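Think of it as A, B, C and D in the order they're written, each chain with its own count starting at 1.
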Amino acid sequence: MNFASDNIVGASRPVLEALVSANAGAQPAYGGDDATRAVETMLCEIFERDCAVFLVATGTAANALALSALVPPYGLTICHAEAHVIDDECGAPEFFTGGAKLAGVPGVGGKIAPRTLSDWLAARSGHEKEMPARALSISQATEGGLVYDASEIGALCDIAREAGLSVHMDGARFANALVASGLTPAQTTWKLGVDVLSFGATKNGCLAAEAVVFFDPARAEAMRFLRKRSGHTLSKGRLLGAQLQGYLAHDHWLSNARHANAMAARLAQGVVALPGARLGFPCEANEVFPVLPRETVTRLRAAGAMFHPWSARSLSAGERVAPHEMLVRLVTSFATTEQEIEAFLSVARG
Amino acid sequence: MNFASDNIVGASRPVLEALVSANAGAQPAYGGDDATRAVETMLCEIFERDCAVFLVATGTAANALALSALVPPYGLTICHAEAHVIDDECGAPEFFTGGAKLAGVPGVGGKIAPRTLSDWLAARSGHEKEMPARALSISQATEGGLVYDASEIGALCDIAREAGLSVHMDGARFANALVASGLTPAQTTWKLGVDVLSFGATKNGCLAAEAVVFFDPARAEAMRFLRKRSGHTLSKGRLLGAQLQGYLAHDHWLSNARHANAMAARLAQGVVALPGARLGFPCEANEVFPVLPRETVTRLRAAGAMFHPWSARSLSAGERVAPHEMLVRLVTSFATTEQEIEAFLSVARG
Amino acid sequence: MNFASDNIVGASRPVLEALVSANAGAQPAYGGDDATRAVETMLCEIFERDCAVFLVATGTAANALALSALVPPYGLTICHAEAHVIDDECGAPEFFTGGAKLAGVPGVGGKIAPRTLSDWLAARSGHEKEMPARALSISQATEGGLVYDASEIGALCDIAREAGLSVHMDGARFANALVASGLTPAQTTWKLGVDVLSFGATKNGCLAAEAVVFFDPARAEAMRFLRKRSGHTLSKGRLLGAQLQGYLAHDHWLSNARHANAMAARLAQGVVALPGARLGFPCEANEVFPVLPRETVTRLRAAGAMFHPWSARSLSAGERVAPHEMLVRLVTSFATTEQEIEAFLSVARG
Amino acid sequence: MNFASDNIVGASRPVLEALVSANAGAQPAYGGDDATRAVETMLCEIFERDCAVFLVATGTAANALALSALVPPYGLTICHAEAHVIDDECGAPEFFTGGAKLAGVPGVGGKIAPRTLSDWLAARSGHEKEMPARALSISQATEGGLVYDASEIGALCDIAREAGLSVHMDGARFANALVASGLTPAQTTWKLGVDVLSFGATKNGCLAAEAVVFFDPARAEAMRFLRKRSGHTLSKGRLLGAQLQGYLAHDHWLSNARHANAMAARLAQGVVALPGARLGFPCEANEVFPVLPRETVTRLRAAGAMFHPWSARSLSAGERVAPHEMLVRLVTSFATTEQEIEAFLSVARG
């Protein structure tokens, strides 16, 4: 009953098998290996266009490198006030950009409303005392487990473009959001105006593999230097290439995401039926955010269930968590089983 | 006949097996997993003292993180003029330290002579216009494939200590140097005054795994933040832990290094017997640096042999490479076979 | 009728005279000149203890250098959400610290309540994903023109100390706050726990001169390098030294501040008597923040009065500015005259 | 008899007078003042084209800001091995650029030969392990007091342009070099291919005033932010503007430089006539680098003469300083008198 995160399991079988089979033989170093090249091609096909692809081992590296290619050291990136980039990366974006800053804006469930963005931009003075805004970073799925729909992303990108901002999408859970949306990868990214995507794979089946995808290769010119100087260019690049090959082949990544989302939906359904429980945010991808009676939480923990409490900052206006309640986060993955969910719900029911 | 580097092969069998077997089951994220913890213990045992250990995926990350923990942004690190940190990491040390600089000093075969260090330090003005020296970084084995002996390391560390410098050892090929020295890991590091070691494993049998080892854990306090903000804290930490577990268990790392060194010795022996050939530096670990007639080089390449030309900057005074000659580097690894060597020599003989 | 800021006038007469008289003759470069040394001594006397003093030309440099000496690149500095360091320095603290971040907390009139600080600290997780808090920066006087009293500063410093935070005071308007408080410089700084003070002088009578004052000289060891590498060590240091000599001698700085405060008090008195006007924050130093009818603002501007609109974010809970009103800032200086104030009020009265 | 540097005196009279007369009255802050605007216009006229001009207080700031606008954090700037930017600024260029590195190349008297530059560039691998070269920085006059002629600058700029490098000129002693060259400011800078000039004024008559001059204003877009975040935007900008107004008006800067150069020529003439003395480099601007018998040095110092020993690294091939000799640097300025020179020579003669 471990719902602490989607990073507590290893790799899914096809990913591990790809890794093992790519181990043999000599290969050019630094990403010149066959597996890495194959993945570059696969991602271009998946996104239906020529892309510049840079593989790295962590989502923090992917996000920070992407932002460092988009904003100057004196620039601002607008993101949600609880975004991973601003809250959970120990200042990696600030480090990689050389001091550029993130400006957090509010929004229910981690989602930035277009109006919030335009109002924020309208309030800027333009004086050199203020760092100028240069990028927008949105998370798909969001920190609250929500999925931006195409019209929301499109509206945000339009406002960003108008204001001269580049658009980054933190897709640590891109696959989960994608299968929830029913759209193609292209329809939910560059066709709407996204410039760079952190294409997450670690949480959805890899051990450590992410891709920074530039939809306009011309904007990626600095990347090979930026990645190398940050220590993120693996000499035996096949480690990353092979994982992603296994991940992408035969739509394995989509199957993994569908499974995780289905498990979350089932868990959400069970949770709302618990006495005294409700959802803090709707369950749209592979995360469930229930408000539970504290006694339920205590009982679950006593039974060995693992999950984290969550900040109530981004609940809808008017929603609040009472003193006898707790907002928690439950995350499902490709490895979550129905049995785990049933066991959890059964304990929760008391 | 690929002698281009020791990073062109995958993982050795025990390493890969450890990785596969650590894949199953749930584990705490961010290095709290069993494999990582086991490795921390193993390294303390190997070095016969309490150490602070930080696993990362690349040697560049290991070196740059180590230096960023030792020198302030306005500090200088003295290293050999052809050291990996100054020449081959695209400025990673400068990036991680926030602008600290490396000062390269000359030395035959990549080795810094104690006298070179003391003379260099004596010439400093102490004026704030000059960046103050704060660390010494030595490579073991060196870029020229040489192995510092204990008295050399001890002398360098003594001079460094006297001048207030911390000592970093870039051990990308630490295992190869160690088995060549016949000493214990402790005898060749902290017992002589080394503060921090980049303990390399990627080149000697892993896919991507290095350990930054602080012999005084108190100096490592900032490291968990420094690693996280550089994107080098893997969420599924077992990827690193498992590789190193397989690498260290049953002295596998030492066997790999002994094999690579033996292959290099054999290759060196064959090479010096070639007509018109000689060694640029003695072969002490797993690299051979012959000066070959250009026609031999051409013949080898035509036959598919892979290797890199090398800079002649660090040859002994008086030694030089004639226009019809070329200094090249041949690197052996755990995977190098006698057949490859024989094939290479056979082509070279013409 | 220029109340736009206290940086729109030149130097006061004794400051300019000191500058002219220090111009003659040869002097050691880089702050070894007589004037700079005299100022160092004067500041130690003024603060009644041994201090390490570093002169620079701007308040932004003073603040950013101070913070870079107190926090590591991965550290957080807590400040008011509208503090100069977070809002008006184009990211200078982020730049000088190598990426350390400022966390803004709310508070009426730019003042941080001790309870706000302790609550904020209590909510930290301690996980390495979060940047650890390492410093508190308070502004005296605040961005809302308020003056912290000794008990408030003491309480904040106590909480900071307990949590391992260093305390920085941005004293861009330190003189104005000091004369308002009726305390000695020591009583309002290090005796309460302040570690480093940006001792402002530019706004209160100099052309460009600030001093970073470390109350514990041991913490200033890096400063001569940090200042030099930021380009803030003047070769002809007398430019800074002489200004501050003229500023500090004969309590000229205190006279200037008393005059500015008296002018502000008079202006405040006149403003509250205006029809439809009130003060957004009490007038405690040399700034007045009235809420004025927009038609009054229009009339004033038409008559050539200069002043800036101000953010209403830090008004007391419940206070608000109606659509037909505007919150503005009026700043007085050593050069403000009663005539200017009368002229302003006369126009404002209609 | 103070020949230690040209930064040991104050401002020349017209500069000081301009400063005093600009002190009165209210002026817009942050460089919007009349004096600063006038200087911007004057520099455009002097350089015969539209320029973007940024005033700062130190040469270190000017150089570091200029480089930070020209090179990315992963880029290399090629300069002479003894250039001020690499040796005397405590790492300011590394700091301002976010970790970009300087590569020092040899050259007699601080001058880079075009062939040295082209050979250096030809040896680059283009691999991402190497930082890519992005700028060339030359000093005019050089650290050895030499003046590049137009054909030398032109040849260097052509090679740089070919290789995609921007060209920065450190003109800390630009005026001295200019009057020595007999060319116009335009003929010796942008007409030859210089992109950005650090236009020095502090050493030649100001107290603290330099201008960063971008000959292509489009390349200066980031500068207002870069300057502000480095704390180099003075709120009372008139301090810088007024000095430079006094400096540039009526060709005062050229008169100052001519005087300093004439004094140096006279000093050089006297020095070569001393027994056992010779010049290390020809005297071309306002610096004299004699090799003196150590006993002469001792006698001069005993008599109170002030000057610095100098590095012999950049002497011509074959030239050397014997153990009983010392290479020293003598700097003259606008304030140097014939009497000082006669007194110095008289002591030197024994």
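The criterion applied here is as follows: contacts are C-beta pairs under 8 Å (C-beta built on N, C-alpha and C of every residue); 3 or more make two chains touch, one makes a residue touch a chain.
Keep in mind that what you see is a predicted model, and the values were worked out from it rather than measured.
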**Asked** Which chain pair shares more contacting C-beta pairs: A-C, or C-D?
**Response** C-D
**Message:** What's the farthest chain from subunit C if centres are computed as the mean of the Cα atoms?
**Reply:** B
**Fill in**
Rounded to the nearest Å, the gap separating the Cα centres of subunit C and subunit D is 35
**Item:** Length of the line joining the C-alpha centres of subunit A and subunit D, rounded to whole Å
**Value:** 50
**Item:** Distance from the mean Cα position of subunit C to that of subunit A, given in whole angstrom
**Value:** 41
**Fill in**
Where subunit A touches two or more other chains at once, the residues are 73-74, 89-91, 94-95, 98-99, 128-129, 131, 225, 228-229, 233
**Item:** Sites on subunit D touched by subunit B in the complex
**Value:** 73-74, 87-91, 94-95, 98-101, 128-131
**subunit B to subunit C touching residues, read off their complex** = 30, 72-74, 98-99, 128-129, 131-132, 222, 224-229, 233
**Fill in**
Residue set of subunit D touching subunit C in the complex reads 2, 4-5, 7-11, 16, 19-20, 22-29, 56-62, 64-65, 89-92, 94-96, 202-203, 207-208, 225, 228-236, 238-239
